[in-house]
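Report on the following structure.
Naming follows writing order (A, B, C and D), and every chain is counted from residue 1.
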């Protein structure tokens, strides 16, 4: 124990959720099964977010639903998921394997405020540790995104969900807006416990040989290192706004421990890792933890918590 | 994604054809390991995973051997020279070979169009100077693949068909049982099985080799969307077949409770594997 | 002349402006002086857009005002320019050197609708061939961007400018919005002759060693290949909207002839090239022209005009 | 951008110091050509262009020799070991050398802190086996730079100062005139001048060499923002000094009407060049 005093502390608390480290598996990434999510924890993740779940199962869009581009990839999965009830055994499997070591947050969505509320209560029934309202998926018409672009809708949505659950409620924001701070204010006003940002940027790839969009859904969402500067800016702008007091979870293009620090300095309390596991593999989590510890030691810091907001002038 | 014109379509057997392309990014494909796969986009139809069954030649070409079992595979088998398809990859982890050939024997166990995955691996094994035994199974003579290539790459090729119309009558696992029966425990330690075929066949191979002292690598299949390890649709007991596989070691396969039992449908739901996929 | 029939035709007409090829130098890129702009034409550009000009000279932000990131760069130049009157001799120099071979479009901005109008009429007085209203620069508070995010403001701005000039008026849109099609409709409703999209994506870079934003202006705009999938999607969405009939000029991350074709298939009639000249040098224009001609020949097409909208279903 | 700790600050002369760093991206800097520059970020102060005046050693180091003439350069000269600065680059086109040294003479003409750009080039010329003559000018003895390095790299070093406190009294162009005076036209064809210094000095060199049959490369300076050719703030008669230069051939310089006459201020306005920048 005495020795441990010199090992920097990576634990953080996010909206009341205790995490052994600030790295979570992002929603929609290697998290369709309990075993995969448990594997991410084994590789070092401090927590996981499930694939976005809806009341009914969804098959998603037909292939191709992914295309690689410079600096990332464009996906249009179309929110495939086995439905919340169909996901029960995955959660159970996850919990059996991880034994409370790493919280699990359920990402949910619907096609109306009522559906979001029902999905949230159903998800709570699965025994998860928190809810992430996906108000930002650009890949399914009438779902997700349209509930995350209008402050008035956001307030109502969050308020209704909060009224029916005791779980911490996070709201995932889109960068496809001219003013993410206003959206964040709405999230807070609705009573949410935290903000997650960013989801993907609406994008597309056209193949010039066949003169057609590659993705079956035509357009999709850009993720990966290409969007990191946009994500960092979004987190920074929200963290800098003095009236936004709920914590922010940063996501978008994180692939190294340096990227984690950048997001945290911008104002994130924790982060999520998505696309980069496609090249770094799931052991990116272990690599990042090593890097974070070394950085803290090298700069004489005791805890990763000290990093949050360093560059955003938060608390200055 | 590289979109290319099909350079040739070679009929191989009943309902099976090899689609040839000449990739521009040669360096990328020269580094391919047998057992890796590509995602093939048939514009307007679908994008599906395909093993690479041929690689080389001049101009440098890549072949995929496709069995017509549905919309995408039918479209692939119906392609003509000059048609456009898209390729991304190669993805996943391929077969591994003993570092030095010394005293090693590699047994290929191939069933049906699974041979598309093993053929390149067995050719590579021969090229590396390993002693090879090729056990090739098919429904019947009309669906037996790559006769010429098998025979050029090994002096010990044994065929078996469900109906006995080519080679013996029976299952390829029968051949495997016979091949490993007489091996001493010392020989077993230097024997490696490479296998691909319908999942029930792979389950038989697994059960046959469990505790035998013989190593084995299995090329598995699951429904794939991204092919690069992010979407989890190819999930198999916590392994993503596209990135952690498609080639897995016996020790891994033995711990896969879902193997031979379940796969995931398009929504990620666990559904029973009704007999073989094709 | 008979031989020429087999050489594909690269000329296009954009909002009444005749271009010998569809490649223009983007605003703010190597276009602060007449000599530089003339050089781009010598290297093959079909036209140029000036640095964004204001009534009064502006120094822009202090250095650092650029930082390189994966797949592009973030800039916060802060709209430096010598003022419209100060730019007169640059235009004269340009015209002397290029002798009408390549149209020049003046990009203008202001801090009020009145200033936009005055800037436009002053720019017309310089003898340019068209105006590009910069309603999308994210790097100078109170300028540009705030005039390009609200459809009501856009309509009024364009209408006022159109009422006072006989030149073709283009409007440059931001991708920092959740609905670029609505903005494009406003541009058209105001009476503009064409749309230019996209400007940069709001972004930032934090240096983790010093824990501070690198750019003096804190945030800036992301450009380069990283944003191409976003730009293509924006052009595609606008081109696909049946009620948008004015032509679109595509810009964002174009660095090869393939990128030009991708934008044109998405629906662009012409394109602009920016960031990529920093690595490809100005001779990217020559390279692109070669590639475009070869592509047209290889696919048996006579004119680059046939490419526009091929993937957008325009006219289908 | 690489942000690094300053490894050393070496006082060189009155108000001039060399700031040393140890870049991590060694390969990138090993490929540097003398005459290229870096953009140096002094956090919280400014970002300014600096020639690379030293490169090598173990651990591999990069040096920039800075004259304190304003806020950024003062901050740079005041750095201490361990302070953080950012570096991006190397950028631009460096000096070129005759392909084979055979019969060639390279004359370095350096004025003031312009030597920071020529020193590495002249060392490289010697390393390549070229015959070198180093003409070094400064205001006075107290501001003369790199004595040791000049003398180690050439057996023919000639100093000149405005006040005669070191070497002869006069201007470095006096030395150049004398050096080239006796050359035959054959020798002139194999003589190359590399020069950097205050712009009026460069104008004199230009005028002296115009029509002389002697080649010359000039390292020029303009106000820089991006350093990578996009912003046009370093524009000089249609050349972007950061990307097309900073090293230009005599033939190019002769066509630059703005050379010695105008530069651009921060807003891009053409303003007269009042005597030398420093």
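Following the convention adopted for this analysis, a residue touches a chain if its C-beta (ideal position, glycine included) is under 8 Å from a C-beta of that chain, and two chains touch if they have at least 3 such contacts.
Model, not experiment: these values are computed from the prediction.
Note on connectivity: the fewest chain-to-chain touch steps from chain A to chain D number 2.
In the absence of chain C, chains linked through touching fall into A, B | D.
The most distant chain from chain B is D, comparing centres defined as mean Cα coordinates. Chain A and chain B have centres, each the mean of its CA atoms, that are 36 Å apart.
Chain B and chain D have Cα centroids separated by 62 Å.
Note: centroid distance chain B to chain C, computed from Cα atoms, is 50 Å.
Touching two or more other chains at once is no residue of chain D. Shown for chain A are the residues in touch with two or more other chains, namely 205, 212. Judged by the touch criterion defined above, the protein chains link up one after another in an open path, with no loop closing it. Applying the touch criterion to all chain pairs gives A-B, A-C, C-D. Every residue of chain A that touches chain C in the complex is listed here, in rising order: 69-72, 74, 145, 149, 174, 176-178, 201-206, 208, 211-213, 218-219, 222, 225-230, 232-233, 236-237, 258, 261-262, 265-266, 295, 310-311. Those residues of chain B whose C-beta lies close enough to touch chain A in the complex are 1, 3-4, 39, 41, 43-44, 46-48, 84, 86, 88, 225-233, 235, 237-238, 240, 243, 264-270.
Note for the complex: chain A touches chain B at residues 28-33, 35-36, 38-39, 51, 57-60, 62-68, 73, 75, 77, 80-83, 86, 89, 205, 207, 209-210, 212, 214, 274-275, 277-279, 281.
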